[in-house]
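Two complexes are shown next, each including subunit A; its partner changes from subunit B in the first to subunit C in the second.
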Partner chain A sequence: MLGLDKKDYTLLLIVAGLTMLAPFILNPFPEGSGLAQFNAGYPDLMQRFVIFGIFAIGFNILFGLTGYLSFGHAAFLGVGSYAAIWMMKLLTTNVIPAMVMAVIIAGLFALIVGYVSLRRSGIYFSILTLAFAQMSFAMAYSVLTPLTGGETGLQLKIADARILDGALEAGEQARANLFGLNMSSSYEMSVGSWLFTFNTGYYIAALVMLASFYLAIRIFRSPFGLMLRAVKSNQNRLNYTGLNPRPYTLAAFVISGMYAGLAGGLMVAMDTQVGPERMFWTASGEVVLMTILGGAGTLIGPVLGAGLIKYMENILSKINKDILHQWFAFLPDGLEDFIITLVYPFIGKGWHLTLGIIFMMVVIFLPGGLVEGGQRIAKLFKGKDADEDGAQTKPAE
Partner chain B sequence: MGILEVKNVGKRFGGLQALNNVELSVKENSCHAIIGPNGAGKSTLLNVFVGKLIPDTGSVMFDGQSVLGRTPYEINQMGISRVFQTPEIFGDLSVMENMMIPVFAKRDGSFRMHAVQGMMGDKDIVEKAETMLEEMGLAEKRGMQASSMSRGDKRRLEIAMCLSQDPRLLLLDEPTAGMARADTNNTIDLLKQIKEERDITIAIIEHDMHVVFSLADRITVLAQGTPLVEDHPENIKGHPKVREAYLGETAD
Partner chain C sequence: MDAIVLQILNGLDKGSAYALIALGLTLIFGTLGVVNFAHGALFMIGAFCAVTFSRILTWSHTVIDETKKDFLGNPLKVEVPHIYDLFGQATGDAIIDWAVPLSILFSIPVMLFVGYAMERGLIKHFYKRPHADQILVTFGLAIVLQEIIKYYYGANPIPTPAPAVFAGSFDFGALLGFDPNTIIYPYWRLVYFAFAALIIGAVFAFLQFTTFGMVVRAGMADRETVGLLGINIDKRFTIMFGIAAAVAGLAGVMYAPINSPNYHMGMDFLVLSFVVVVVGGMGSLPGAVLAGFLLGILESFASMAIVLDTLPGLNQIIIYLVAIIILLTRPRGLMGRKGVMED
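Here is the complex of A and B:
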């Protein structure tokens, strides 16, 4: 189906199902209940899930397949964002031209960066990409202020040209839209005490992610994908087989740069503002973490990694001391305080600590990332299925 | 005129004259062995043939065209394939995928961007790769990860990958180094079979005299970067200069 074999098609369907039903899946707890703060089904966060999903899928095409670790992919995300917002300022607030331009400009920028950086491999390649990204950040912050808005960044303004759009009515604001469909419009559905939000922007971003994911599967299974894996496995043999690795790695670099640009464009489409901090090196590092956490070189891994990190960043970081006191109120006073003292460093602003520990555990015990974890669990079940109930989780010894 | 003509090749690494005035002619459809003691410059010479090293002096012509200044992948496309001392294969990939890469390379050249079609959907490529695996007795292992195979099978796969490109010249760099006797004999049989069944020129660098004398039609003895003699195997065995330089201890 769609040119995919059965396994890949199933995977695509699962991802499609998850993204389309995300407003339900991510809101399992009723409003007002103590656990409601674990709900992630609000538009802003859901959009971030899919946008960073795209970013990580693209990064994985470079890192997962060829093994070249870029430490500057946030630069392409940033360049894509700037390109998108300029399209919205100058041309139209419709998101299509903005996204197309984001992909094109990021692709061109990736071509330049990749052409230079890919002359080296290993750590030198990583450092070159990092240098490019930090240069981009510094320039966006300072000398390129007329183009980037410097420290304050760029927003849509009433006075923008928007040559394709009609003049705004008095009091109206310029909003990102898809042929008049407002990105920030939402439909809310309440079932009992549950509240589900269906946001236009999220669904558009989710469809774009599905398309990106589908394209990534096709690339993984293509002869081109085979050559990229060959680059990672043995460049020497590739050379002596009559293949020049450089065009392959450069193509992979540009493709992943375009994915990053697309993600940057979508960020602007969802929230019409850009700042240079989007290109900072921590943002480049984050996508590396996402990919490794989920499973580099696997199809679904980067999406999972992106989801996990964004969930922790937005949910775990919101838990504060008061909430902890509510949770542990049933304990005797002294014990309550003791437990809270223990837990506190890992939540709220300390969520990075939790992320760091999870990351270390994954790298040490599950080098294949969350995907490997999933495979191991699946294997455990399959092995037991023959003589036992599949629902049993603990192996009987 | 041989298919590979080496004239006056010299290469110096710092104070070491690795190759000095090397003259060599490999006849088409023959098996030419290059032997010599450690440090004689055999591997350096091979690296010159495949474009890894550029000599300071001299010329290397393959089928009337110079190979000097060309990259390894360009030289491969001219029709020279190389088998390494330790098998160089794509260890992370399956045996079948290993086999498909050279077949793609042969058909599509050094770079082609087919990123959307499925690689298993390409009937010609799959068929050719499968035939080759069958011929080399690797068909049953097609789904295996290449790095998990035995040393002998890795060597077999590497040779299969080279042969699938129908090279005119096959370069073998100590193909039986570090192999057990049984594996060595298997490899000799395989190479003999290749020699008989295909229109192919083989140039082999080897330490093991047993291998050299079972395969070679012609032998060049290299010592200290210079060819001492070039002759038929039977003449080499008894040659006094060769005995002195190299065979002295090993010949009985």
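Here is the complex of A and C:
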């Protein structure tokens, strides 16, 4: 079906089902209950799940398949964002041209950066991409201020040209839309004490994510994807068979840059603003974390990783000392304080610490990420003869 | 002319920090073959050694001074550092004033231990894994270390002043025959440069003139053969890791008065230091030092007003630009050897 074998088709269906039903699945706890703060079913966070999912899927096409570790992928995200916001300012607030432009510009930028960086591999490649990204960040921050808005970034303004839309009426605000469908409009459904929010922006982003996920599966299963894996497992052998790996890696780099640009464009479509910090190297580091955490080289891994990190960033960081006291209130006082002192550094503002520790554990014990963890657990239940999942890729060194 | 001298001087202190961190990175890379992304964190821990040490020195207890009254008329409570009780007030004040230089003594054992623990506890298990895994795990470690520091010391920079003697500036202009006050340079930066030169010299001398250093150099050239000669090279490499950590830590200690320590200073320096190492040539110690100073000075030249007028923003990107050009034209870096880290 859709040119996929049965296993991949099931995977796509599962992902589609999960993203479409996300407002329900992510909101399992009733409003007002003590556990309601674990609900992630609000539009802003759900949008981030899928947008960073796209970013990580794209990064995985480069890193997971070819093994080239780029430390500068945020540059493409940023470039895509800037391109998108300029389309919105100059042409129309409809998100389609903005996203198309974001992908094209990010792709062109990736072509230039990739053409230069891919002359080297290993750590040199990482440093080159990092250098390019830091340069873009510094330039967006200082020299290119007329184009990027410098430190304050760019927002939609009332005075923007918007050639296709025409002038706005007084008091009206420019909003990102899809043929008039406002991105921030939501339909709220109340069932008992549960409140579910269905947000237009989220569903558009989710559809884009499904499309990119489908494309990623096709790339993984295509002869092109096999060539990329060949680059990862042994470039020398590829050279000896008379093939030049450069065009393949460059194509992977550009595709992955376009994915990043698409994510950047979607971000702008959701919040209609952009700042240079989106290109800072920590943002590049974040997508590396997501991909590794979920499982590099697997299909679903990067999406899982992106979801986990964004969930931690938004939910774990909200827990404070008072909430902890509520949770452990049933314990005797001394023990309660003791446990809270133990737990406190890992939550709230310290969530990065938890992230760092989990990340280290994953790199040390589970090089295949969460997906490998899941497979190991599944194997325990199924017994030894269970064959490995189709999404799993084994590096053949 | 005076402007050029001034920029060279300005580049020296940043260049010293780059050179010291890059030297440590190269030591680790050359001996253990590990790409250590947590090296910036070691620099940061060094800077916080200075903070901790000055906090220990000013650790005080409260004494009620009956002779003075506070505004309510009660006897005044005075905070007295414990060090006054030990050495008397005058000596105590002098010691507190010299907290940063003194914390060198404190930080060396701490950093050696941190380096040793890191190598034995974590890095050891990653020798056989691909470079990408080493980068990732040390990157994770850097996050963890910096978050721990943030938890205990807070997110704000902590001012850590240099001794009062070094508070002023030195008038280079008068010395070199220019007009007075054209080239002035803070004393502490001069001290930092001298200190960096000393450390770099010491590391090179240690490697060049001691038996231990000779064995380590032999191990860098051919680890297997040295092992076959019955020398426990792993143990020596572990010690070298400790030394590299100490070099980074000392760079951090002395940098504390120049730039108030905060928890992300390591990451800021790390990215640049990696660029420095790659420009200098992976695995080449002189290359790392040379590239450190070179890039530091280039950076300060690029921030001159004349340059910025013609090429705005150059100071922000010069290092990366140079790195890209060098990597593409001289793939082994300035002084890289053949066969090190070639793909």
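The criterion applied here is as follows: the second predicted complex is superposed on the first by the 383 of 397 C-alpha atoms of A that agree within 3 Å, B and C clash if a C-alpha of one lies under 4 Å from a C-alpha of the other, contacts with A are read in each partner's own complex, and residues count from 1 in each chain.
Criterion: a residue touches a chain if its C-beta (ideal position, glycine included) is under 8 Å from a C-beta of that chain, and two chains touch if they have at least 3 such contacts.
Computed from a prediction, not measured in an experiment: that's the story for all the values here.
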Room on subunit A for both subunit B and subunit C (clash or fit): fit
First, second, both or neither for A:V143, with subunit B first and subunit C second: second
More subunit A residues in contact - subunit B or subunit C: C
Partner chain(s) touched by A:S233 [first = subunit B, second = subunit C, both, neither]: first
Which superposed partner A:L130 touches (first subunit B, second subunit C, both, neither): second
Contacts of A:N60 with subunit B and subunit C, given as first, second, both or neither: neither
First, second, both or neither for A:L355, with subunit B first and subunit C second: second
Which superposed partner A:T200 touches (first subunit B, second subunit C, both, neither): neither
Subunit B versus subunit C as contact partner of A:V288, first or second or both or neither: second
Geometry of the superposed three-chain model: angle at subunit A (Cα centres of subunit B and subunit C, steps of 10 degrees): 80
Three-chain overlay, closest Cα atoms of subunit B and subunit C, distance in Å: 13
On subunit A, the residue positions that both subunit B and subunit C contact, one per complex: none
Subunit A residues touching subunit C - in the complex, by the definition given at the top: 67, 69, 116, 119-124, 126-128, 130-132, 134-135, 138-139, 141-144, 235, 281-282, 285, 288, 292, 345, 350, 352-353, 355-357, 359-360, 363-364, 367
Residue numbers on subunit A that touch subunit B, as the complex places them: 3-5, 215, 218-219, 221-227, 229-230, 232-234, 236-244, 247-248, 251, 255
Subunit B - residues contacting subunit A, complex: 50, 71-73, 76-77, 81-82, 84, 88-93, 97, 100-102, 104-106, 108-122, 125, 161, 165
Contacting residues of subunit C [partner subunit A, same complex]: 35, 122, 125, 131-133, 135-137, 139-141, 143-144, 147-148, 150-151, 267, 271, 274-275, 278, 282, 312-313, 316-317, 320-321, 323-324, 327-328, 331, 341, 343
